[in-house]
Structures are given as C-alpha cells and as structure tokens.
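The two complexes that follow have chain A in common; it is paired with chain B in the first and with chain C in the second.
What follows is the complex of A and B.
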C-alpha cells in the first residue's frame, strides 16, 4: 500500500487548493459543537484533538430530512447532479457505517438513487484515532481506529505531520506530488497504531453473541434491559449505521420528503389497524440491539454496530449497548425460558 | 464508600420491600460512565445496596410512573421536582396516590454535564462530589468546582428543592432552602423586543433533531398520542426544517402551561443542548400571576386548565405585555 508523508503546514496549503476546486466538508466548530460542514478556509477545520462529531457523518449522504420530489400539478424531480466533494477527517467508525448503509441502500435490484449519487460523488478521507474516547469500542465490533476500508485515503496524525495511506485512485490524485513515507517513518506509524489498538476493547465473540441474542428473543431479558428506556430517538438518530426513514407528503409545501425514523418510537411499527407488533419498550429495544448484533450478522456476517459510542454517551438514561451485549453473553437464556 | 444519605435510602427501600409494602422501588444506581447514573428498579430487598443518589442523577424519576404496570405498588425516590411531578400527575388522575410511596430526599441539585464538559473534546474520567466541592478529572487534568458553579440552570432557578407530599423524608440536609415563587431570571428575556425574543427562540429550536428525548424525559408528557405523531390531520411539518422544529418547541411548551414542574429533565436529555425550560417557565410565570397556581405544589388545588370552563375565560387582547417588569 502506497503511503505519503506531509507536514501539517503543507497539508493546510493543500487543503486551500482543494477548497478552490471542490466542495470540502470537514469537522468545524459551529459555536455549539463539532459538525461536518462545508469549509471555506482550511483554518476552520478542527482535526487536532477532536474525538468525533456529535451528529453522524451519514447525514451528508442521508440527510435527516430530504426532499425527494415536488409536485405542482405535475411532478418535479429534485436536482440530479451532485458536485464532487471531499469529506475530510471522518472517523473509521463512521466510514465503516457507510459500507453498512451501502449494503442496505445500494446492494440490490433497486438502488436508492439519492444515496448513491451522493456516495459516488464523494471522496472520503479517514482520520485515524490516536486517542479514542472511553466510550469508543470499534475494535470490539470488528473495526479499527485506523481502518483502511471503504475510504479513499487514511490520514494518521504523527504530531507535526500526517502519514497518508492512499487507498483508491481518487485518493491518489489528491496527494499525487507528495514524497513517499520512508522506512523509519512507517515504522513509527505502525508502532503507534499497534499500541492504540492494543489498548482498546477486545473483539466480541460475534457468533456466540448472535446465538445468545437469538435465544433471548422470547425471554424477560428485554423487559429488564428496557425498563429505564424512555423511548426517545437519541440512540438511533446519532447512530452512524441506522438508516430507517419515513416518507411524508408535506402537502402545504407540495413536497415529498423522507425523514429519519426510528424503531425506538412507538409509532414506528404501529399499523393502520391499530395493531402494534412491537407494543412495548422491550420489543423495541430488542429490535435495536438485535438488528445490530444478530440480523446484520445473518445478512453479511458482520456486526452492524461500528462502536462509535454515541448512543452510549448521549442516552439520557445511560443505556449502554456494550453492557447489554456483555449481559446477553453471560445469561443462560435456556434456563430463563422455563 | 456509601454516604449516610445513600444508606438511609437503602434502609427505607429494604424495609418497604421486606414488609411487602411495595412491589418495586425506583431510584438511581451507578452508570457505566463516570458522569452518568442510571435509573433503576429494584424488586428484591437483597439488591437495595445499588441505590445511590448524587448530583449526577439527571432524570426526573416520576416519568417512570407513566411506564409502570397498572395497579403496581411503587415506591419512588423523589427530590423536590420529582415530588411535585408525582403530585401533578396524581391531580390529573394519572396515578392513584394510594399505590405510591414517596421516599423524599432534600435536593442537593443536579450537575449540568454541559457546564462540566465545557470542552467536549476533553473527556471526563471521574467526578467526585464532596459537600460543596465537585472534583472532576479530565483527560487533560483535574479541576475543582463549587457545586453552585456547575449546577443545572433549572436547579439554580428552583423554588422547591425540598420534597413535598412525601410519605417519609430522608433526614439529611439538602443544599438549598425553599423560597416563594420566583422566576425573576426571566425578566431579561421579557424585556427583549419581539424580534429579539424570536431570534433567541429560533437559535435554540432550530438545532432540534426531532428525537423527542425532551418529551420522553418529561413526567408531564403523558399523552397517548403526541400531536406531532398525529397524521390525520397532520398538525405540524414533519421535517427538521425550521417550520417543523419551531412548531414542535412552541406547542410542546404550551401543552405544559401550568403543568411543567421546572425540573429541567428535558434539557438534560437533549442531545443537542437545546434550552427549553425558559419557555415553560415563562408560561408558568403567567399562570402564577393570573391564578396563583404552582404545578405540583398544592395538595388538592387543580391546575387552572383542568378547571377552566368556557364561561370563565377572561383573556383579553391587551394582556400581551403585562409582565414586562
């Protein structure tokens, strides 16, 4: 794999060039929190010492509210062309989520054109995590703070410089005139990344957890786990890999929009007849956890949680998905059924 | 090391469960993060040692009464705001008072994580409370605060930190005394021009991601179906556009007039740090001025909007600025 080396000073100059040609999105402090925003000047970008944005990067591709079409006697489809954009400084967990969402939204007979167009026009540059937060657990769910998957380039912060792994042709073009990393530099990168990974949580036994959850389905485990759940949408709306949406006709504006929806809402599974197949918090919490840790495993043999820790950090009642997974592995569900 | 306050809560919970006076005791226990506590539900007297109460208990436990099975005998650890929420719910006929047992605790205030975490990129590793002092260990180092500096705004503006209508009160001092109704902090907001008030409202509301954590964290949001979920007719814009965000925040507030107990649980649950208690406090101030009513404070007095009939409506168009101080 080709790697390049660039001082942070030169990197800023490089970004100045990008900004002239492309739309560049990067973590910016908006006065309240860090969020991915279109950047005008490289000085706005916060890459040093940033943990993660609160709002997940998926919103750049699947906006929380998106107009699908408008109508005014006749239908108008929305603007098709997407400008090429560079998304700089996305964390590995959010990048891995893109691949999960690709699976949900592209990998079948009827690709979601809105998602696909935005994905195809984006160049993603991952920023490795030298100091993951205490709520981070990407390594437990099959990821890595320095993942090279699904991205066009991986930046690793080496103090006053970045080491850049070039991962696709698109990525190579952006960094084409830079010097290659020398052997000593590469060695120091590998030493650092290995140490960071080592200090992170151990890999969960994916299949064992899958089987435990499957056995838990009809037990009171979920009643216990969900007792404190308030039924809000924080965990799913801030989740990088949740993708459920609801389509609404906003008749006053004459627009058809899709909004994020969440299995944690009672109304999500409420049917027109009044029947609700997930009538209580127990079934809804079970759905959220099992989608991530059992159904994704059935579908693509991967855990569908990327370990970003946002649901852990922002849950108003501290429901911790790591704790639920650990408890499920401990529990004797066969004994519980009796 | 358990504080005497915690031991006293545990002892009372144990007694209630052992004597089978209640089916469940609702309180708080340690969370999985150094700055979070978890609501917990204990059915077995052997497990009461989990109960703990400190400044990090950010929820209003009364919200769970709305989730419990009907007819369950429930004991609940209540601070001032929680006790008023229970009382307001009882008066609205949401719960039968005889099924509830309130373990009152004089309030020590709730710490505001936003104030603790001024730099969000510097994680909190530990929080230790010692009387008036709160020592916080960040990744970058240690810092000691006075409790008052990092209290949630709702606690700073609280008029009744002492539990009311409780079945027993834990004999440990709180940090504040009760005082007469006072929401004078709103004076500066009321003095603003309509344009300025609107700008302030929009700045807050338009960060909303419609997750409804504020609604779900609120003990007084008890509707079977919330107006935002109603589809025929559809009352509000469904999106995260300003129209939808503003509609949610303004109508939510109006549904709380004379009902909100000013606990601030909505703000503490909000993942986007949106301020919203100022809206409900404004309405509560109006209700107090017009009717002398404070939600949850009185044993029997019904909230004005429960008793007001068509023949009693005396609103006039001229009342617009009667509170301009």
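What follows is the complex of A and C.
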C-alpha cells in the first residue's frame, strides 16, 4: 500500500487548492456542535482534539429530510446534479457504516438512485483515531480506528504531519506530488496505531452473540433492558448504520419527501387495522439491538453496528448497547421465563 | 433516472362494490403510458402487490387481484380501513391515481407444476388467491397443474368477493369449489362453519399437493395445525403476509421479520421459512 507524508502546514495549503476546484466537506464547529459542512477556508476545518461529529457522515448521503418528487398532477422525480465532492475527516466507524448502507440501499434490483448518485460523486478521506473515547468500541464489532477499508484514503495524525494511505485511484490523484513515507516514519506510524488498537475493547464473539439473541426473542430479557427507555429515538437518529425512513407528502409545497424514521416509535410498525407487531418498547428495543447484532449477521456475516458510541453517549437514560450485548452473552435464555 | 419510488400515472377505469356492506371495493386501473403497461406485464406474477399512491394521502400496499390475461388493467380489492383506503373508497372511475409495482415475489407457480393445489382463503385476503386461481384456470395454464380445490370462507354470504365468477367456478369441472359462512342463512347451498373445521371435514389428501393459505390472522392460526394434522409438510404450506410498508423495495426498514423483508423477500413464504424466523408477525 502506498503511503505519503505531508506536514500539517502543507496539508492546509493543499486543502486550499481543493476548495478552489471541488466542493469540500469536513467537520466544522457550527456554533452548536461539530458537523460535516461545506468548507470555504481550510482554517474552519476541525481535525484535532475531537472524535466524531454529532450527526454521522451518512447525513450527507441520506439527509434527514430529502425531496424525492414534485407533484403537478403526477409525481416527477427530482434529479439534483451531484457535483464531485471531497469529504474529509470521516472516522472509520462512519465509513464502515456507509458500506453497510450500500448493501441496504443499492445492492439489489431496485437501487436507491438518490443514495447511489451521492455515493458515486464522493471522495472520502478517513481520519484515524489516535485517542478513542470511552464510548468507542469499533474493535469490538469488527472495525478498527485506522481502517484502510471502504474509503479513498486514510489520514493518520503524526503530530506535525499526516501519514496518508492511498487506497484508490481517486485518492492517489489528490496526493500525487507528495513524497513517499520513509521507513522510519512508517515504523513510527505502525507503532502508534498498534498501541491504540491494543487498548481498545476485544472483539465480540459474533456468532455466539447472534445465537444468544435469537434465543432471547420471546423472553422477558427485553422488558428488563428497555425498562428505562423513553422511546425518544436519538439512538437511531444519530446511528451511522440506521437507514429507516418514512415517505410523506408535503401538500403545500407539492412535494413527496422522505424523512428519517425510527423503529423506536410506536407508529413505525402500527398497521391500519390497529395491529402492531411491536406494541411496546420491549419489542422495539429488541428490534434495534437484534437488527445490528443478529439480522446483519444473517445477511452478510458482519455485525451491523460500527461501534461509534453515539447511541451510548447521547442516550438520555444511559442505555448502553455494549451492556445489552454483554448481558445477552451471560444469560441462560433456555431457562428464562417466556 | 430510474427511480424505484416514482409511481406510474394511472386512471381508475372501473369501480365494483364487492360486498353488501360496501367496505370492500375493487378498483380496476389502466395505464396512462404504454411503456409502463409493458413493463408491468413483463414482470407480473400472481401473488405480488403494488403500492397505490394518492398524492396528499400517501401510499398503501395492496395485493393484485387480477390475472394478466383478463386485459390491460390491474385490479385491487381494497377494504376501507385507514386514511389511504378511506380516500380511495371515495374515488370514482376516471380519477387519476399512482401505482408502483409489481412488488414482492408472488407465488412460485413454476415450482408447483404437476401438483394438486389446495387454495384456502378467508375474507378479503382472498384477492391474490383469486388472481392466482384465475391465472391457472386459463386454458393455456390449466394443464400444467393436477387437481385444484378451493375453500373460501367469509363471515356471511354478503361479504363474499367476486360473486359472479365464483358462482361460475361452482359449475366448472376443472376446479372443486367449497364455500363456507360462519352462521347459517336461508338459501345457502354450501358449508356452514369456520374454515379450519370445514377443512378438517373436507380432509384433502396431502400427497403431491401444495396448500396455499391467505386469511385473517385468527383463521391462519387455527388452520395451520389442521393442515399439519392432515399431513401437509411445512415446505408445502404457503401463505402471504402483510405489514406496514413505505418503500415496498426493502429500503425503508419497517416490514422486517428477522433478516427478511416482507416486501422484498415475500409477501409469499412457506410455513417452513416462517418457522425459521423470529415470531414477530
């Protein structure tokens, strides 16, 4: 794998060049929070001293609210021209989530064109995580803080410089005139990343957890773990691998719009007859956890949680998906009251 | 852009009030554009459904109740129940409407060739079974299957769908039709009783036979054990499920049972497939 070296000062100059030619999106403080936004000046970009934006990078591809069609007696698809854009500073967990969403939205006979066009027009540059937070657990679910999968390049912060792993042709073009990393530099990168990974949580036993959850399905376990849940849905709205949406008609604007939706709401699965397959928060919590840790495993043999920790960090009542997984592995569901 | 969320523009060609209480109406829709019609009929397999679309009211997934050979229209039988279905019940012939589909897998008709079919329907869930039976009874398809037996139950005779056609089926020699109502009525010539009890009395032989079951949950719950008792293995019992849906193509998340989506992987499942999934119907 080809690696390059660039001082932070030169990197800023390089970004200034990109900004002139491309749309560049990166983490920016917007007054309230850190968010991926279009950048005008490289000084706005925040790559140090933070980990994740509040909203995952998926919001750039599956926005919270998106106009699908306009209505003038019949519905017409809205086709926004997608300009090529560079998305800089996406953490590995958010990058991995995007590949999961590719599977959910475009890997079949009815691809979601809105998602697909935005994906195809984006160059993604991952930023490695030198100091993961307490809520980070990517390594427990099959990821890495320095993943070289799924993006066009990986930036690793080496103090006054970045080491850049070039992962695709698109990535190579962006960094083409830079010097290659020398052996000593590469050695220091590997030493640092290895140490960080070593201190992260251990990999969960994927299949054992899958089987435990399947056995838990009709037990009171879910009543217990969901007891304090308020049903606010923040865990799903901020989740990088959640993709559920609702389609609604805005009659004044004459538009058909899709909005993020959540399995944590009662009306999500409520049928017109009054029947609801998930009538209480126990079934809804079960759906959220089992989608990530059981159903994704059935589908692609991978856990569908990327360990970003947002649901843990932002839950108002401190429900912790790591604790639910650990508890499920401890339980004897066969002996439990159904 | 080929957009899987964009409905075909259609018009309502005909509305039929199916039941005496008028809670069930059939709507026959025709295509505004020739290319949409060709696309639809190149894909349609009985047992599939469409998302019907009324701007301002949204969309609702409804099973297709017509066979392709019936003509250039698509029939949907709709029970007045929620917001969307109340809106369509107020519509008339000539009104514009949208439609996306056909969606879902439909019945595996090729797999069933050479076998006997036992068709069991209850109430308004009979619609896709009606489409399938009509398809099979067509002279160009009938010889592909052995004996066909149908059992259709409704609460009372007034709630029976597609009356003129079902009357005609009673007189045909290439299908054996049983009808049942819950409580006896004057002039009723057929069975009286619930579907599971009537089925047990009929005692169809499971040998080389596929059972296809669509009905309200209570009927399904009590009929499945009877089929098992009669010797039907779970891989030869088929049923069609319903769920709340939005996209209809496996993207919006809401209709899953375990890792399967009812819209994309169903709506038709075997009892064996359902037994392997979590119990969340």
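Definition applied: the second predicted complex is superposed on the first by the 332 of 338 C-alpha atoms of A that agree within 3 Å, B and C clash if a C-alpha of one lies under 4 Å from a C-alpha of the other, contacts with A are read in each partner's own complex, and residues count from 1 in each chain.
FYI, contacts are C-beta pairs under 8 Å (C-beta built on N, C-alpha and C of every residue); 3 or more make two chains touch, one makes a residue touch a chain.
Remember, predicted model here, so these are calculated numbers, not experimental data.
For the composite obtained by superposing both complexes on chain A, the positions of chain B and chain C are free of clash and fit together.
Using the contact criterion defined above for the overlaid structures, shared-chain residue A:295 touches chain C, although it does not reach chain B.
Of the two partner chains placed by the overlay, only chain C lies in contact with A:268; chain B stays clear of it. Touch criterion not met for A:14: it reaches neither chain B nor chain C. In the superposed model, A:74 lies in contact with chain C only, and not with chain B. Using CA centres, the angle subtended at chain A by chain B and chain C is 90 degrees, rounded to a multiple of 10. In the superposition on chain A, A:248 makes contact with both chain B and chain C.
In the superposed model, A:277 makes contact with chain C only, not with chain B. Contacts of A:234 after superposition on the shared chain: chain B is touched, whereas chain C is not. By the touch criterion stated above, A:257 is placed in contact with chain B alone, chain C being left untouched. Aligning both complexes on chain A leaves chain B and chain C separated at their closest CA atoms by 6 Å.
Common to the chain B and chain C interfaces on chain A are residues 246, 248, 251. Residue ranges of chain A in contact with chain C, taken from their complex: 68-69, 71, 73-77, 79, 104-105, 108, 110-113, 117, 214, 217-218, 243-249, 251, 254, 256, 258, 261, 263, 268-273, 275, 277-278, 283, 287, 290-291, 294-296, 298-299. Remark: chain A residues 32-34, 49-51, 54-55, 64-65, 131, 133-135, 227-228, 230-234, 237-238, 246, 248, 250-253, 257, 259, 262, 265, 267, 281, 312-314, 316-320, 322-323 touch chain B in the complex. Partner chain A is touched in their complex by these residues of chain B: 31-33, 36-41, 58-59, 63-64, 67, 120-121, 123, 125, 139, 207, 209-213, 215-217, 229, 234, 237-241, 244, 268-269, 271-273. On the side of chain C, the complex with chain A involves touching residues 1-7, 9, 32, 53, 55-60, 81-85, 96, 98, 217, 242-244, 246-247, 249-254, 256, 258-259, 264, 278-281.
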